[in-house]
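Each of the next two complexes has chain A plus one other chain: chain B in the first, chain C in the second.
This part shows the complex of A and B:
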């Protein structure tokens, strides 16, 4: 009822993931802007011979693949390419829901070194949700040709998460990326991601809401982020939160709610 | 209801109350994110800037608060001026050529002894309709489309979107709607397909419903011709400059109506908040002339022209038949126009004009040819090789500057052509929205023309 077509897709996908015959040691999400070479990174990590499953949602395709590193099996989930996670489109909603509710063991954000600033928007939004984030600065070779240089160690200090430079097309930096993922997933490295500070008025309200969020979700999600999103009033996320609480208490009485998911034209037509 | 759920609802209500107090939270959040990203990028990215710097300087000018709008308007007027003044001569030449060939056709029909009605349908109806559409439409399109493609390839259009984004957001619409409107300049059906770039169904639907307020290429010739006639009636002598400003003004009016309708829709049928989006401002690139001409002439000019020709030929034949088949002492066309006369007069037009718009449903290009054909009692077109000849015909049929003005307004504000309607049906999968897409502009057009006419008549200006 409350589940939108997209979120159903995600949960069904997650269920299949957990039932998969080869149990992976960890699930890692792969996010990034469109055209950053995300798919090249995905293929480079999993290898083309690996099984890649296509998971069609309504408009959305999630692909998964596996690789082994240091004797651990990692399942990589390729999220749709998006510029943000503010759920303006079905793609963004799927990416956000997976990072937030899919509970991946780590999230890799692939960024384009030639236009880092725009890509950082997404990175900042991901580290607001989860500290277990790794940034892969891809296309460093192309950036070099364009005489653009990215200071990755400095970026690492600014963001508080591991930053790996890569040129995925030439398989440069992929081993480093696997290593960085390994460290984050298996707790060998604790990230302290940079916190984005909003203006005082917003910060004050976040502080007020945060306590109640912590109590309700029992530390399951980043309470600061949830408080911010509630304040932002994203209806799709509020719905997901409701669903989450309902799933946690299966005996709960289902309550009526308006369908506030990503709407198709059919639903808009009903407004006549 | 369990406790967790009630508590959660209370929490969301509290958040909502706080949000109302704070104002645009989403904007503030996005701003903070962008600022942070910018600060970090500045620290860690080293660039040897040269070309980019020039781009930024240009952008600072073309998207500045002070100069952004005037520059857009000036550019628009300039393009229309080039189109109108450049199209005059080739239009006249083409008309000479095509109408000259008609005499040969007539001679041929007489030589083989073909019946008069066959000659009427094929030559006076079909061929003349075609000749008009080709000679009037081809030159402006052959100038307008390359110019427009040039701006597109140069990378100016995203800057236009950037400039207008704020206005569209206030109207509850999506900033990318401007890009779909730019496509609509060529063809509204293409513009409606382009609406796919808008992810949110709500905003996409707004963009689809309002795309028709951008005058497409089928309506430009009508407007350009009417602007020329209008200026001729108002200020004796033909002034291309004034005519181009008038056409640019019509486009601006179209944008204003788009904003107004988008605003009303987003407050009523399609309630919601506009979504934030990232608009890439691509680097400026000087287009290569060869591919530009090939693309704009083959893909756009000839494509649109072919569509017009395919519709104009049968429409010319049908109009000839309507104008020549008599019922009682009047032609069918005259009967139809007679029924529409009262309504036409109320909105400052006449029955023939209203009928021409209705018969022009298959394609807007044929509205003027139909109109001219119907004005000529014998049901054939004059050799209207000059604007002056056309003006004479119109004035003889009781046209004033008010008629011309209303003609331009109704041309901008009426139902989309059949192709566009079919495209809307296909894209929305809904007959209701398709009907609405026809009703909204038609309703507005009738209201505007009625209002203008009543005001002008009351003030005794005509």
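This part shows the complex of A and C:
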């Protein structure tokens, strides 16, 4: 009960990841708007020749590949291109579920330097979920031709995460990207992502919900983010979280029985 | 001085306006917000399709086609 086709897909994929013969040292998710050269970055990093194309909705399933950097093996998961993680479509749901529930060691967001502004929506949504985010500003070569220059150090300061410029087609910036991923994954750099502050009424309810969320998920997810999504009342996410509670309720906490955890969560989500 | 507000559908081709309000709800609203169509965004009408609908708009560096069923819910005001 409660298992949707998408969630089955995600969990099947996660199980496959954990069963793979050579266990990677880290799993890194690759997200981004459609047409930002995300698959080119993927191929550039992994050396794989996953077919890339220039039409929307190209990457419909999750592709994975490996690379080694500083003697660590990294598995890279190429997510579908999306403008948002608010799950308006199946693609967005797959991307969101992987970032939230797939527990990647880091998430790279690939953005298009030629229209950076519209890419930042997704970046803000991702850093709201996880601080272990790296922004790769791709297509800087194309931007230069359009006389657009991106001030990456400034962007880095305002977002509070590493920002790496790249021209993945010409393999420019990929070593820097691997290095940035390495630092975030292995704790050599702690990000302090910008926090999005909502209006007073919303902030008050977030504060109220956060404590309960922390108890139910035992610090597993970002409680602020879960509280916000409960306020959204997105049924696909509520479902996915219910699945999570049913599947992964840690046994270490005897007082938080499976049923109680799920019930408590439903009470929360029914309040709004 | 009050600046005239009007529906995005009434924006002539080649002219720019500033978004005041996205008067949709649910998924349709989310979709437009995700594409960068939020209050204070500058929108330029680029061209009409042969039938007059949809119309292509330039929004934050990208060209996006909107049907009148969406754009008539978007309130804008003219800018100089």
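The rule we apply is simple: the second predicted complex is superposed on the first by the 236 of 272 C-alpha atoms of A that agree within 3 Å, B and C clash if a C-alpha of one lies under 4 Å from a C-alpha of the other, contacts with A are read in each partner's own complex, and residues count from 1 in each chain.
Criterion: a contact is a pair of C-beta atoms (placed from the backbone, for glycine too) under 8 Å apart; a residue touches a chain by one contact, two chains touch by 3 or more.
All values reported here derive from a predicted model rather than from experimental measurement.
A.B. asks: Give one of first, second, both or neither to describe whether A:200 is in contact with chain B, with chain C, with both, or with none.
C.D. replies: A:200 sits against neither chain B nor chain C.
A.B. asks: On chain A, which partner touches more residues: chain B or chain C?
C.D. replies: B
A.B. asks: Please indicate which partner A:218 is in contact with in the superposed arrangement: first for chain B, second for chain C, both, or neither.
C.D. replies: neither
A.B. asks: According to the stated criteria, A:84 is in contact with first (chain B), second (chain C), both, or neither; which is it?
C.D. replies: Touch status of A:84: both partners.
A.B. asks: Once the structures are superposed on A, label A:121 by its partner contacts, choosing first (chain B), second (chain C), both or neither.
C.D. replies: Both partners, chain B and chain C.
A.B. asks: Taking the superposition as given, does A:231 touch the first partner, chain B, the second, chain C, both, or neither?
C.D. replies: The first partner, chain B, only.
A.B. asks: Could you look at A:147 and tell me whether it touches chain B, chain C, both or neither (first, second, both, neither)?
C.D. replies: It touches chain B, and chain C stays clear.
A.B. asks: In the superposed view, which residues of chain A touch chain B and also chain C?
C.D. replies: Dual-contact residues (chain A): 83-84, 86, 88, 116-118, 121.
A.B. asks: What residues of chain A sit close enough to touch chain C in their complex?
C.D. replies: Going by the criterion above, the answer is residues 83-84, 86, 88, 114-118, 121.
A.B. asks: Once bound in the complex, which stretches of chain C touch chain A?
C.D. replies: Going through chain C, the ones touching chain A are 27, 30-31, 33-36, 59-62.
A.B. asks: Within their complex, state which residues of chain B touch chain A.
C.D. replies: Residue list for chain B touching chain A: 1-2, 4-5, 7-8, 11-12, 14-16, 18-19, 22, 25-26, 28-30, 32-34, 36-38, 40-41, 43-48, 199-202, 205, 269-271, 275-278, 280, 428-430, 432-433.
A.B. asks: Under the definition above, what is the set of chain A residues touching chain B in their complex?
C.D. replies: Going by the criterion above, the answer is residues 83-84, 86, 88-92, 116-118, 120-121, 123-125, 147-152, 154-155, 158-159, 194, 196-199, 201-202, 205, 208-209, 212-213, 215-216, 227-228, 230-233, 238, 241-242, 245-246, 248-249, 251-253, 255, 262-266, 268-269, 271-272.
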